[in-house]
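Worksheet: one structure, shown below.
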């Protein structure tokens, strides 16, 4: 008999918004699922926050002394819960903490694991797990042979399920041993180098020609992004060559990249990797960058930047 | 100290198509390269390696994958192992971890094992933690700094917009994200020498791996179908007055920034 | 009122856009250019774009072609900064034999005749001043000019494309020509992957390394080979050079700066069409986005550098790429009429598309519109290769 569960890890006593989305994903499988929340000193009051359409029970799992960095210990706990409750399908959000913990747990319980799914379907009694692959050029359907299976779901794949009246809740304590100890937490210094930056603003030839380089720079500062440029911008000394994006310069993998006035020659686009969101602003509707961007804004960047920089 | 680094040889071409008949993936060319985030793991290994330490590099893949090994040899690896067996083909993440763990046990034991945080093609990020589990080691993912003091590793882990200072008992497995440091490049001189270096080829039999437990045969997670996404990548075009466009852009950027801040920054 | 001449150009690289621009200057030309990808983003994007006043890439016999190309881009750059991507680094051409000394000196005379500077330097200390990482023991001397440099083929193609459109020409981007309509041995038009048919009076194949395949659609055997243009971007050990690295030319390779990095490539004249390591018939659509170079190329470079540029033997290998040049047996392009009536070629530029396209396109446009040939078109005609084949 199949038993579907949702796993979440509670941080600072609060539920993340992934629970509601995972509840909706579970609902797509047609059977009620139970939700397992792992954390330290969890309070039964939390159950009310975690009761969503599609969830029939909330299990709070206290893992004393373990923090999310202690993935080895938390994997012990997760695997024990899976075994104790005979879980056949575990859904979790595709994010670093859960991925690390459940990869280890998968080994412990001999589960098959798929990642970053965006849709689930039931077909011939098995769960068809669909995920975009290769920058969303291809959709791949995966299945897990036998049970149990662990599925990570990409955030935003399902609209959050509605809250319901509080469902039954129980609390248990599961121990796990860790060889890791946690120390100080510090804020990450804002992009000390370009390659590791999550958010990058790029100025291109168009920004220099229209005299907007300073405005692009001001916008980068405003949103806390690293500033980079295309080759002509470096050639003309507006940025150091170390901050030049492209085949002949630096290769970056930002999560968000906003590009002003770059035509989009292949030497440039080769410098941006990964599946981050690319927003391009260009006054030429035929600029090749359009074919590279996720969002294209055909506008005079001068006017747009004045408006952007004036916003609160 | 014995340090191991596991790398992946990934296709360079980002464009793929699906053969309409066989549903197999068709790529532009067969060219490959060392996985981008692995370069940062190699740099961490290089900085860690002191006098008397050894650094060994492993990759599971076809014969072409020696190109990835040669890059790491040029950067100072002592031994290079190509884990190549028909039985390994079609491995899921667990199968890959089993092969790597078996090789690391066979040629180890290692005090520190390093990997890139995720591959550019599969991008599951699962192989590191799975390998650690199989080896009975703790793992720290997304580490941007690593120091060893006696039998303890001090690791700086990046999560969201925060850095976590962790300590782990050796042996430990650490994964390194893209952009963690500034990697040295192999020099032309070292690359010419590395291209002549011995590569140790390793099969399932060498590692005592039962072929039924890895590769296509042992895979628990399998691809059942691939479908071409018909729609070409087409940019969403934002139109309107300057103010409307500025507002839309601001909304988009704010939403993305918010999602980034939530990306694990609140742990502990 | 006379009807406009309809011309279809296949390929939006340096060859197609230069021709399209030149044709658009005739008010009785109706030009349509088909580009299956993006303008200037095929093998043009992988061109080093060096246009030197007196290197060996193109025989001095065709010096006017070189000068015309160079000055076209200088004017383009003057019109709008960056539109030709000019980086004025100067060029250092190293002589390793007396024959090269003579050729370089003739090139300098030609450059000076056109009002540019150039000198042949034998003072090794001075050569080292220009490029400190050089080993001057292996060379007899070097020709130097500060006046030239390299351009950007992608930017030039896009500038030509813009000018062509401003003159009323049409560019169909993302339009893949899949069929050439031939009736009674005469080209009548093309069909695209979308199934659309376009009728033309003249079709010109400007597809460079793709010409073999495009030619097949017209039933034509285009005698080009692909030679590998294997290139590396290297980071000099000093990381940031405190001098301008000039274009460096040796008979077997050349180097130029690319930001803080240095781009190095095997010279096209050092390629042997009969060596399967160098040349063959490949599919340019399967060129990798990066990488794809051979180990032999690394060995080749190392040995060249050990001998000539020791300062680069410890350079870091940053990235590499592979491109295909479209090369004929005599390393000169194929321009003009073919055995298929109204199907013309402007292809086979080899490593010299950026240098040669302006002069060739100027002459070819005039030939298409007015039927007047030039000495250049006669020398680079398809028929010369047919004759060679018969021998």
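So that you can tell them apart, the chains are marked A, B and C in the order they are listed, and the count of residues begins at 1 in each.
Heads up, the rule we're going with is that a residue touches a chain if its C-beta (ideal position, glycine included) is under 8 Å from a C-beta of that chain, and two chains touch if they have at least 3 such contacts.
This one's a predicted model, so the numbers in the text were calculated from it and none came from an experiment.
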TODO: Counting only chain pairs that touch, give me the topology of the graph as line, ring, star, complete or other.
DONE: complete
Open item on the list: With centres defined by CA atoms only, which chain is the most remote from subunit B?
Closed with: C
Task: Distance-to-centre winner among chains (Cα means, whole assembly as reference) - done: B
- [ ] Give, as an integer number of Å, the spacing between the C-alpha centres of subunit B and subunit A.
- [x] 18
- [ ] Could you tell me the distance, in whole angstrom, between the mean C-alpha positions of subunit B and subunit C?
- [x] 39
- [ ] Just give me the whole-number Å value for how far the CA centre of subunit A lies from that of subunit C.
- [x] 44
Task: subunit B, residues touching no fewer than two other chains - done: 14-15
TODO: Would you give the residues of subunit C that are in contact with at least 2 other chains, written as numbers and ranges?
DONE: 289-290
Task: Contacts with 2+ other chains: residues of subunit A - done: 251, 291
Task: Contact set on subunit B toward subunit C in their complex - done: 12-15, 28-33, 184-189, 191-192, 195
Task: Partner subunit B, residues of subunit A touching it in the complex - done: 11-12, 16, 67-69, 71-72, 75, 95-97, 99-101, 103-104, 106-108, 110-116, 128, 132-146, 149, 155, 178-188, 193, 195-199, 223-224, 251-253, 255-256, 258, 273-274, 277, 279-281, 290-291, 293-300, 303-304, 307-308, 311
Open item on the list: So in the complex, the part of subunit B that touches subunit A is made up of which residues?
Closed with: 14-18, 25, 36, 92-94, 97, 120-121, 123-130, 132-134, 137-142, 144, 157-169, 172, 177-180, 182, 219-229, 233, 235-239, 242-243, 245-246, 248-250, 252-253, 256-257, 259-260, 262-264, 266-268
Open item on the list: Which stretch or stretches of subunit A touch subunit C in the complex?
Closed with: 205, 208-209, 231-232, 234-236, 241-242, 244, 247-249, 251, 263-267, 270, 286, 288, 291
Open item on the list: Quick check: in the complex, which residue numbers of subunit C touch subunit B?
Closed with: 234-235, 237, 285-292, 295, 298-299, 301-302, 305, 312-318, 322
